[in-house]
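Below you'll find a set of structures to go through.
Look at the two complexes coming up: subunit A is in both, with subunit B in one and subunit C in the other.
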Partner chain A sequence: MQPHIKRAFTLLAIAIIVFIVIRSLVVPDSFGQYGWYRGDSVVDNRNFPVEYAGSASCGEENCHKTLYSIWEDSRHKTVNCETCHGPSEKHVSNVRIMPQPANESRDFCGLCHFRQTARPEDFSQIDPETHGQNLRCAYCHNPHKPWFV
Partner chain B sequence: MNGDLTMSISRREFTRIGCRVIIGAAAGTAIIESIVKNSLASEDKKGEYDWNEHYWGFVVDTTKCIGCGRCANACKLENHVPFDEHLYRTWVERYRVLKKEEVKIDSPNGGIDGFTNDIPKEDIKKAFYVPKLCNHCDHPPCVQVCPVGATYLTEDGVVLIDYDYCIGCRYCIQGCPYGARYFLAEETPHHKPHSVLGGGVADKCTWCYHRITKGLLPACVQACPAGARIFGDLKDPDSAVNKILDKERINVLKPDLGTRPKAYYIGLDREVR
Partner chain C sequence: MTEGLIWGYVYPNEAEVQWSILIVLYPYITGLVAGAFIASSLYHVFGKKEIKPVARFALLTALAFLLVATMPLVAHLGHPERGVQIMFTPHLTSAMSGFGYIYSFYLIVVVLEIWLSFREDIVKKALSSRGLKELLYSGLALFSYDISERALHEDEKLARRLAIIGIPSAAFLHGYVGFIFGGIKANPWWSTPLMPIIFLMSAIVSGIALLILLYIVAMKIRRHAIDHSCLYSLAQYLWVFLIFDVVLELLEVVSMKYESLEEIEIINILLSEKIATTFYGVQLTLGIFVPFVLLLLVGIMKNHDTLKTIMIAVSSTLVVIGVFAMRWNVVIGGQEISKSLSGTLTYVPVFFGMEGVLPAVVIFTIPFIILLVLTYILPPWKDMEEATE
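What follows is the complex of A and B.
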């Protein structure tokens, strides 16, 4: 074989080996396991911490059973516990960790119940100017079992 | 040619040996790779969640949305999105079509703090809320443009981000026609600043992948007091989503782009972009 061809082949071989070595070092192990991405990333995404436990876990184990059964039959049954009381997964797994106290302000109830033009008309709404004399809503209404006075 | 230094080999023989070496190397790597991949796949099936059994879908009923913003609030708390920045995985837009043929669209703080009646009712022809989130397209433009494979469509139909692999180039944020992606510079429990580049990563709604793979509902669906958000399995004919898709008249956002979104809308107005 002519020496210049031999040299070219040697260089090509070295280049291919270097490419394979660098690629095996740089590309993560699970890359290409399912597609053009790192397969382990799916597991990472699955393992993020859960913050919202769900209303069912409040009524379990006799913890808040009475309140739960009242809420269950009320018009507020579509509003889950944690929508007002905040994420409570940590509290469910350890009762000593208390969730944030529920926001009892008038404006918080107003997020749903102050009259808005864009809101569906059949949804229960009040005019904050004329209704309730700036009292806290819970002064008259039980948030766990709302009624009309 | 000097016979002492080189093997005397004919051109035909050289080609024959060369071909054998190349074919052998290619076949060898292919066989080894297929063995490794099969063992990985069989290992994965041992987990209780099988992503081949599900294909997730989302329905937004705009006729039920009351614009309370509890979805956007719950989303930030569940996914540790910073509250002090204008970053939203989901948000509520308010559309107001005025009598003088003008459309006002706003979403103050994603709707988390509520909306103000700054236009008198007499001037408004119609008004409604439209919750927005990542559409988890079947043809996602964001995945196409990622240069490193850090975002992808899973087998169960969710577009996810690899927070450890994202280089923060922001191309996907530009590529998303729905504005569903944002740039996250802060460190959160979901990601640490990139070890090499030090910067932030792209982030967006994952339909709470960490929840739905455990059999829970996404945080926004659970938080919605009006039942405007419905989540379910498109592969299950009795799922909440399929019941609506079979019955209601639905639409998707920007269908002309061919992205094939899996977030379906009931009561979508022509003004909604």
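What follows is the complex of A and C.
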């Protein structure tokens, strides 16, 4: 083999080796432990502090039992308390720590209820331009029992 | 705002067209690469002497476009720094994850091929220049200056072998892009095993057309006569590949219409309303039919070299535009029909922003700048000009 061709292929070999070395340094050790992802990410996720207590905890201990039972029968029963009221784990473990106030802006309700062609027709949707004169939705609708106007 | 752009029933996750003009540009650029490379191998592998004037220029063109082929994808990613992950941990069941390796392999082949075919010039320049220029060319020559008859013969042999590997890898690089679209079974406009070959044929067509245009422009700028036998030969190949291209493209649509499976209604709406202009008008009429007739006339006509050159230039321009329309019709067209098969969407390109027309235009100008720099460092003009001297 000619010396210049040898040099070219040596250079190529070096490039490939450098790539392999960088790859071995960059790819985390735990990659592939459980599947095609970094195994340690499972531990990372598990170690995140729990922020949400879950709707059931609002109805327990006689705290918000009445409101809970109204909500439980309403069309909004699939929307968790903390969807509007924010993460409440701290509040559940210590009632003195209040959760953030519920988000009751028009745009927030609109995330689900502003008209969109892609939504099923029988799903409650409104045109924000013509419906409700720009009032807050909760002015007329009770969010815990939305059919109750 | 999305109201007027949607018709019928579409799924919520389709409401926004995700693969934008940048994803149209990506197969277009890789197509130009594959086409230019295959044009150069007509000389390097198949020994078509009449292509010699543009053979090395075609390689440089292929490299210039290859270097930016990843740019539209990286710009589209949103997290460009993660792009390299596809090479670090490629998932073996994903066709898309093969991209990094297929691309790199092809890049190595093209760079080696260029290096071998320009080595004599590089060494001569290294020996005859001083200072930084000497360092640049010596570096490019890998500090090995053997240009004896035997060494050059060895180079030629290796270059030929590389070109033989290069053709299937060029075909693979682009056929693979087609495979990705062809393998999306949920989308009737994409899902066909013909897709890789359709992509490949249109790639060859666009690459040859681009090469013809660049050749004519380069010769005009350098105020040098065009080698007509080379130009006519390229035009002839363009014509032949146009036939393959149109046959495959029509075969797909005709068999879809003939089979009339459940998706035919939405395909009819797509073809008659959504992409009617770009499909029938630009892709088929302007991009294939008109160049086909013009190139046929070029083949029949005797003399009239200037007129024939103009006709070839016009055909090539139309082909390059037509193939872009073809990529558009595939990428955007496929997303303008809902997977529910009973609704359509409309893609409205934005001008500014990461996914806009402006970045697409910028990305598409970069290969021409790279080509300018490459031809400055490795001038291919000698072959192009000696034939007509």
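In this text, the second predicted complex is superposed on the first by the 101 of 149 C-alpha atoms of A that agree within 3 Å, B and C clash if a C-alpha of one lies under 4 Å from a C-alpha of the other, contacts with A are read in each partner's own complex, and residues count from 1 in each chain.
Assume a residue touches a chain if its C-beta (ideal position, glycine included) is under 8 Å from a C-beta of that chain, and two chains touch if they have at least 3 such contacts.
Computed from a prediction, not measured in an experiment: that's the story for all the values here.
After overlaying the two complexes on the shared chain, residue contacts for A:Q116 are found with subunit B and with subunit C alike.
Touch criterion not met for A:S74: it reaches neither subunit B nor subunit C.
Using the contact criterion defined above for the overlaid structures, shared-chain residue A:D107 touches subunit B, although it does not reach subunit C. Residue contacts after overlaying the shared chain place A:N45 against subunit B, while subunit C stays out of touching range. Judged by the touch definition given at the top, the superposed model places A:P87 against subunit B, while subunit C stays out of reach.
By the document's definition of touching, of the two partners only subunit C reaches A:I5; subunit B does not. Counted by residues of subunit A touched, the larger count belongs to B, out of subunit B and subunit C. Of the two partner chains placed by superposition, subunit B and subunit C are both touched by A:F31. Looking at subunit A, you'll find residues 2, 31, 36, 115-119 touch subunit B in one structure and subunit C in the other.
Those residues of subunit B lying in contact with subunit A across their complex are 1, 6, 9, 14, 37, 40-41, 49, 51, 63-64, 66-70, 74, 77-79, 94-96, 114-115, 117, 119, 121, 124, 127-129, 149-155, 160-165, 189-190, 206, 209-211, 213-214, 216-217, 219, 222-227. Touching subunit A in their complex are the following residues of subunit C: 2-3, 6, 10-12, 14-15, 87-89, 91, 108, 112, 115, 119, 141-144, 146, 151, 154-155, 158.
Against subunit B, in their complex, subunit A makes its touches with residues 1-2, 6, 28, 30-31, 33-39, 41-42, 44-52, 54, 76, 78-80, 82-83, 86-87, 107, 110-112, 114-120, 123. Across the complex, subunit C is touched by residues 2-5, 7-8, 11-12, 19, 23, 26-27, 31, 36, 115-119 of subunit A.
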